């Protein structure tokens, strides 16, 4: 298999399995001169890391990232940045049961078929553990975007099972273990997750991520549109089954007069498009939603087969997130930052004026 | 701008504007020995082409494709295939009004900002006219997939505005101008579109596309997953704002016990996953849905600005599809075929046994 | 086969066979706003085209290029540029003899083995005819480089068989059919080629190409070095068997004190490096040499085998260049321009200051 | 900067500086099921590593590689392979002198100009230290090629300054510290290097690398030819200034009748082409030569400038190879193995029969 790299000019390549020695990666294409150290990346890693609340897996990992190269005297040199995170709390024995059978709804089956065998410990390469590296890499992009362009990327949980948020207050998101931006839903979420754990079940979720201050003009028609690359990045997050830009599936029953975002010299009147028109950023807020399926690693027995095709019952012991959507919030932010960074560099290649272009109308309205 | 190429081993590069001399492209990576001629591609081009019903634009184009290279004595040679489609029925004068102003909700604005000027005739490069080349290229992939693996790719309209289909009968889809697979909805669709045209408005739509007989094992974790690449390809179709695999956004409120597709020696019991687990095909039917926004080119006046940022009113004359979702059906099929073809070749690179691998359980259940 | 595209940000994709309907390609990544028309490209196409002197093949082609897209109102739009050149003077019947056997030293054999069959007419895709598209594409790069940066790319024949040039006068190069920059060698070249034709044989050549006014800083270590990408582009020209940067193979017997280009505030003292240090342009003249083998299509009988592996004698009738190196001059120029263009765009992505960076010492010394 | 990745299906991405914490990389695209451990890679790392003879730098590094991922139960899993080599023996203080000035002929100058500042310790990213990772990655390719196809890649020193080898005995190459395949030259080499060290100077070299048992058919015309990709890989090795395939620059003065490799049912009669015709492997031995310049890090004072453009004298203290060509032998082998591996996978994508194709004539003659 190949395919462990994303991006064209700002590229992120990852390696590592859930229960291997370490996970890590290479970030290639960071411009020189960016002030950068491990602390810049640790904040988001801590947001993503397991073992921080009773709503996520009990596995405890420090997720301390080391920058092995590409930074000298506190600044990026313009060369490739090596990232390393050691694995610590593996309990591989938990997985001996699934060594020879497949969790229904899990990549166990497809990995076995594709590769002929698989690292079954903790899901091996298919584990969400790999996303820690994406978060570290995304941290580099985030810092550059914020510092050079004032771009801010912000994610949040927008729905968990039947509980949808009613309002988005970004100042609330990081004050609770759900990344929920609506304080009035915290109690309901807590109660729901308690019951779910008791039940031994898992639940799906909807995660949203947006970016403000994105310059107008990012995105390469025809195939490498900004929205297409965002869709690629988000659908590449473990468990994601749907991606929307702006109004998403609501557009199916919208008329042209409802959907189009009218403009006046003061700016756009609305943002149904989610900040992207014709695959190119409009300068408005970029808005992305995604749906994450309930994890298949649950302690309720399911019908399955073993590697010989014989009937089997599977119960997942191990330690798992009952809602993988929660910890997906910093991952989604990282992926959006990586895509924006890549397109920013691509855009600059064509036009060195991106800092100075005067938008015809003000953005962000 | 770059980004006019899709695929890694089976690549499609397109060129051409709505009102230019011709559109065309290059298909690179078609294996040698495939029996191929223009007639193989013309069928889908005819399905997509404008001017065939009163529900689509009145522009008339034959969309006759010429194969300029890569085929010798009726068979693909393994070299790059040049495709050419001449433009015929341009009425560029229709567009003089929007030369200096922007249709709200259209790429007019973002192209102008990105490139500093734009070919405003018929939307130039942002026009859906470019997708004819994708359909021709997809026809090559379709033929190979069908002949070598029995893979069939089938699209249909699943919803238009408020009218959703209740059942999917693939034998019905191509017997009506809506690509609607549910005969009982044809009358309602006809009535709806009549009213819409009278109103001068446009409407969104949902399009679905699926593939059967896809071998288990296609897709490259981590970033180049099959679902991620499908999302990229579909979100890259003009007007698409959302993409789902399998149950898509319904997973948000599903529990693990509901969502997981249990297995027995007879096969999978359900297909909530849409045929992809961990980014890799499971052998089940691959199911994709997408949402297409209502076109912004409508004859109802909208508030906008001109290229100097001054207030303006825009009415689109020209000839436009009131529902771009309809003609997107063959485009979505083409894109799915292109992605599958690419991943099939990538898979073969790693493992030459794809034809002979015995699935552990039967697929397609 | 894939691999018909070169470049990362400025990409050129070609299609077409020697005796097909047409050859052509797509140039993707040309910045918007470049004044461009067919006449800009025709000059180099005319330099490369066959049938212009008795020293090259007698096949007569106008090689008139059509720009099908990507240019509007006389300027590049930033979208992909479609190029088309019709084939006219094919005499496919000349090739019936080699249909079932292989010219020794020709790609006939390897194409047959790789693809299982081949378009044998005029060498099909392996014919140098394809390079006309490269020359057209390179013309776009040349124009941009010259206009925006003052970069000039200049090729010449530096040796033909035993006749090596003694001096390089760029004003002489284009005044003779050999692209020879040394007037004193023209007579010898003429005599040599006369004898060679009589003999029915072919001869190798050395071609050189250089670029001045290249900004310091182009090239991406580690793998995508400027010199590595130049080597890739040049070795990809038909018949090339060797590539040198600067002193090339002479460095084998140089000491460090001889080779190193010392510097003073007035500039570099020498240019043994050929303008590239550590894979990055130094601001000095970029100097590239390449060796082209004698064509295998000659009228002197050679021992070979047929497609069944049986012994055979092969004589090439058809019309061929006795020295393919001569017409390689504009091709080498085009390839160097394409590589420089690509790296210029890549460099701008990282650093928008390339126009304004003050070299520490003056270049071009 | 980007560009730290090579390959399309078998990709190698590296990171790390001469005096950083560690160097490492990611190998993506290794097929599953290959028996693999660190010992498989250590042999070539030991051949390349410094401090093993008086002819190379005195820096001592164990160059012990750790495989961090992608191998499970002793076999490659098909997922990305993380490689790590710690740096040990840095003496960064040696470099304080060149912090603010540029060694003539070194990448110091171009890195400073490209990136605005640089990691000056030991050359930072431009150091040949990075090539240890290439050697480790190449070891994976070598093992696969040997085991699955019997392909063997063998390098040797073919010339050092004025001393050229007269015969190539592969059994001799690894018995001496020069990688010299000609026992009769060892004494002369020893004497030459002694004098050179005394003098404080450096010398150029010619290195050759070949591969046997390469299947016919590898290589993708037009741009991604096997020879073009080899040229790219070799010119990307530090200090390489020229690359030849087969007869290389000797073809300039060869006639068609001399150069063409005639064939009979028993095989090819000669191998002037170096095993590649039309960019595609012929089944014959692949033969590559390259020229490496003398290192610019010498203890004889040279004229230069400092970062302010002021006149300066530079003497390089530190510990350096007086002939970087010597240790380039395992690097060149690794790069050839990586390119062959990549093309093997690409070829398989198009045609799964590469193992079973019957060459029309026997190869290796």
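Going in written order, the chains are labelled A, B, C and D, and every chain counts its residues from 1.
As a working rule, a residue touches a chain if its C-beta (ideal position, glycine included) is under 8 Å from a C-beta of that chain, and two chains touch if they have at least 3 such contacts.
Quick caveat, the model's predicted, so the values are computed rather than measured.
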Graph distance between subunit B and subunit D, where chains that touch are linked: 1
Pair with more cross-chain C-beta pairs in contact, given B-C and C-D: C-D
Chain centre separation (subunit A, subunit C; CA means) in Å: 45
Whole-Å gap separating subunit B and subunit C, where each centre is the average of the chain's CA atoms: 38
Interchain centroid distance [CA atoms averaged], subunit C/subunit D, Å: 26
Residues of subunit B engaged with two or more neighbouring chains: 1-5, 9, 14, 29, 32, 78-80, 114, 116, 125, 221-222, 346, 350-351
Complex contact set, residues of subunit B against subunit A: 1-6, 14, 102-107, 109-114, 116, 125-126, 130, 159-162, 196, 201-206, 216-217, 219-225, 227-236, 238, 240-265, 269, 272-274, 276-283, 291-298, 300, 302-305, 307-311, 346-347, 350-351, 357, 359-361
Touching residues (chain side subunit B, partner subunit D) in the complex: 8-9, 29, 31-32, 78-80, 221-222, 345-346, 348-352, 354-355
Subunit A residues within the subunit D interface of the complex: 1-5, 9-11, 13-17, 20-26, 28-29, 32-33, 66, 68-70, 72-73, 75, 77-82, 84, 114-119, 124-125
